[in-house]
Amino acid sequence: MSENILEVNNLKKYFPITKGKEKGLSVKAVDDISFSIKRGETLALVGESGSGKSTTAYNVIGMYSATAGQIIFKDEPISNNIKERPLRLRKEIQMVFQDPGTTLNPRRIVKDILSLPLKIHKLVDKKDPVGQIVRLLEEVELPMEYLFKTPLALGGGERQMLAVARALSTNPDLIVLDEPTSALDVSIQAKIINMLLRLQKDYDLSYLFITLDLSLVRNFATRVAIMYLGKIAEIAPTEIFFSDPEHPYTKMLLSAIPVISEKEEEVKHAKVTPKGEIPSPVNVPKGCSFNTRCPLAFDRCFVEDPVMKEVASDHQVRCHLVEERRQS
Amino acid sequence: MDENIVTIKDLHIGYRTFGGHVKVLNGVNLYVKPGEKVSIVGETGCGKTTTVKAILRILARQAVVTGGEIIFKGEQVLKMNKSQLQHLRGTGVSMIFQDPTSSLNPVFTIGQQMSAVIRYSGHAGATKSKIQEELAIKALQETAMPDPERILQSYPFQLSGGMRQRVSIAMALSTPREMVIADEPTTNLDVTIQDQVLRILKQRVEEKNTSLILITHSLGVARETTDRIYVMYAGNMVETAPTTELFREQYHPYTRALVDCIPRLSGGGVAEGIGGRIPNYLDPPPGCRFAPRCPKAFDRCWQEKPEYVNVGSSHQVACFLYDQSTGDE
Amino acid sequence: MSTNHASTPGITKRDRLEGLKRAWYKFSLNKMSIVGLVIVSLILILGVFQPLIAPYPEHAGAYVNFSAANQPPSSQYILGTDTVGRDILSRIFYAFRGALLMGLGVEAFIIPLGTIVGLIAGYWKEKWFSTALMRVTDIFLAVPPLVLALVVSALMRPTLFNSMMAVSIAWWPMYARMIYGMTSSMRNELFVKSAELLGASKFHILFREILPNCLGQIFTKMTLDMGWVILMGASLSFVGLGEQPPTPALGTMVSDGAKYLPDQWWIAIFPSIAIMVIILGFNFLGDGVKDMLTSEE
């Protein structure tokens, strides 16, 4: 058995445009990306809106069929056609969405929400069905009084805890977390992050963590991948990522984060003032897609798209500069 | 006569709801000096938006002011009549909202909307459409917008979120103002765009020597943009201090917990978070509203409401732990 | 739906009471909805208990008393009598029963039909059968409902049941359209996606996830429509295609009385007012139901 629980190889997801001026073109939401997640680790997939991070997550979870590429889960290629995906995988890969307000049916009570996955996957404890759900609630630190409440009666943080409990109910191996705390206050975020860390240890879970918050990534993830316009720009273990970022986009992202201490300012060693906005994924710039915003772009960046290069063990960067520096 | 642009004294505001009267603001005190950049930091539901909406008198229909006063340049805002209010909103204070998609009207061009703002500002010659256009273009240039003529002809949906928010800033500062209120102006934006928008906002208010109240839930944003910070919890300003001082030392247990909760870019794990929930405003705790969640709460905290105590120059904290009058601690 | 309520006694009961109070608060915010509720309750009571309440219950049938014919409103006959001497008030009370049966019968038939068509067509929007179902719906919607109902009932024997069928045929597409619209937008909601990702059955998704979220709107439309369905039933009976004499029907009473206008005005006017009151009552009530079920406080 390989140490990777999930491998994504050359994944592509294009959305064809069927209406309007740009008809016939397609949105290259995810364009040839590869990464892997080891058992028990957390891979953070970081990017701005439109970077394709959520599309990647939806491919893994089986909400979209991939255009090309391969997804391997526990050494078994899982079909790119979501209709052929066996029910077993829906049990082993779970997802927590960004906004718990929209992922929990407002008209159903907590007990029904939590018992649905158990019923579908025939995991109901016949002797004590209520106790089983109460135990799930306890796992996410919610009181059993909530059994008969609807999500509307819960606070934002509590709803997200409920969403985590639902994901946990089928005893999955991999949980995709799509910005699970971005809609919540920091004091609640802290609680949920700590809970997720505890659950990861208790159940040997692997996480694919989609986020924009690098401060959170620093304290939560094992490895980090930065996405820009459907491609991965840099991927590295968390320590190295923050001590030795290579890609200009990584540096720009780091510079943009509002921080609260001098110690953190030091992490932003090379201040790259952010400028411009992410271009439309329909008209991706020629050459390196970051060239419109890169302060260090030179001739080659406008002609040729760089490829992933390993700069250190486990640390890959997709940038001409890094390549040229190594050659000289 | 005080030299503050705006002073809020012991402001109490509630809302009428099904359950009864929810007491949101519980004696808010705040002041902003000319040219000062102040932020109000607090979590969802603490009353930060209610506070600033009260300054402009744009509260919801169900809101009831039950006490306190708001003084804008020596005038009582809560007693203003319609034309005084219009003057206040037209020339005194302008507001930038969280979501520019809903604060900009989708059926008018940016140019039409900016002209309207300028027309009601009472600026010299502002009724002439040529001057309006010039001022609008100038304002857009000042917010580093490329190709302002084209933007004036655009409709809001043709611009990206970051551009729309910059248009809002340009609009708010197209004519001279005493004060700008920005309510979570960057919450919906990506970090790299947030950085640009905040830099432009800061630069523009500094150039024009306009006062700024920035509402945010992010201490990081507050630290990088403003001179002084108010920390708000459940309808009270629990602590205020100049930015650098606040991050050097937090006095109020809530501020301390809040700062601890923020994940650091330099690592070190995530703090436990704050136990419990914000109080139910229908029946809030009679004393300090943070008492039920406070690790250091003692008897007095449950009975009396703490008033501001000076703990440094312009560093004030509403907490009995630092109240010398009783001799505790 | 949920079974084991007994395990945590008290909680649900109190929550439900709280929910009811909140619903009443929202409902009662608009005073007109209370007026509507009172009117509808009265109509219900009068319709159901007509034999006990009406001054002359026997006048509902084939009763003739020419000596009391064409009497204007008086203390004896509050709303007067018709051409064969029957008390109009008693007949109106009795007609309420038919009108309510009409409304409830039609809705009991069209709501399940419209809902199922709408759910299926909305959830599988891209499929051919969805297009087929919705085009059929459109064809029905293209014909004015009253005309359609007239044509259909003209083809059948004139009875109350048949006129219900005729109105139903004209009315169900509106529900199908509404549910179709709601379903086709709701199927993209993340809670539906979540259920799909978990591997839930289509039956579960349609009836347990989507339908409960449509109930508020269905219930509102149902209340608002009651009055209009009754009006259409009355229109059919006005042209003689509904309930047959001697059973009183509001439409028949108006058409009979219309011949004696303006001299014996009470024969036609009072049943007309009764129709108006029914429609107003259900509309006011419907507005309140809408406030109660769909507005956020």
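By letter and in written order, the chains are A, B and C; residue numbering begins at 1 in each of them.
As a working rule, a residue touches a chain if its C-beta (ideal position, glycine included) is under 8 Å from a C-beta of that chain, and two chains touch if they have at least 3 such contacts.
Just so it is clear, the model here is predicted, and its values are computed rather than measured.
Undergrad: When contacts are scored as defined above, which chain pair ends up with more C-beta pairs, A-C or B-C?
TA: A-C
Undergrad: Going by average Cα coordinates, which chain is farthest removed from chain A?
TA: Centroid comparison gives C as the farthest chain from chain A.
Undergrad: Averaging over Cα atoms per chain, report the distance between chain A and chain B in Å.
TA: Whole-Å distance between the two chain centres: 32.
Undergrad: Find the geometric centre of each of chain B and chain C from their Cα atoms only, then give the gap between the two centres in Å, rounded to an integer.
TA: Here chain B and chain C have centroids separated by 51 Å.
Undergrad: Okay, in this complex, where on chain A does chain C touch?
TA: Touching chain C from chain A are residues 61-63, 87, 90-91, 95, 97, 99, 102-109, 111-112, 116-117, 120-121, 129-130, 144-145, 147-149, 153, 166, 170.
Undergrad: If you look only at chain B, which of its residues touch chain A in the complex?
TA: Chain B residues touching chain A: 43-44, 160, 162-163, 190-196, 198, 217-221, 223-224, 247, 257-259, 261-274, 277.
Undergrad: Over in the complex, which chain C residues touch chain B? Could you list them?
TA: The touching residues are 22, 25-26, 297.
Undergrad: Which residues of chain B touch chain C in the complex?
TA: Residues in contact with chain C: 17-18.
Undergrad: If we count contacts the way the header does, which residues on chain A are in touch with chain B in the complex?
TA: Result: residues 48-49, 155-156, 185-191, 193-194, 197, 212-216, 218-220, 242, 252-261, 263-264, 266-268, 273-275, 277-278 of chain A touch chain B.
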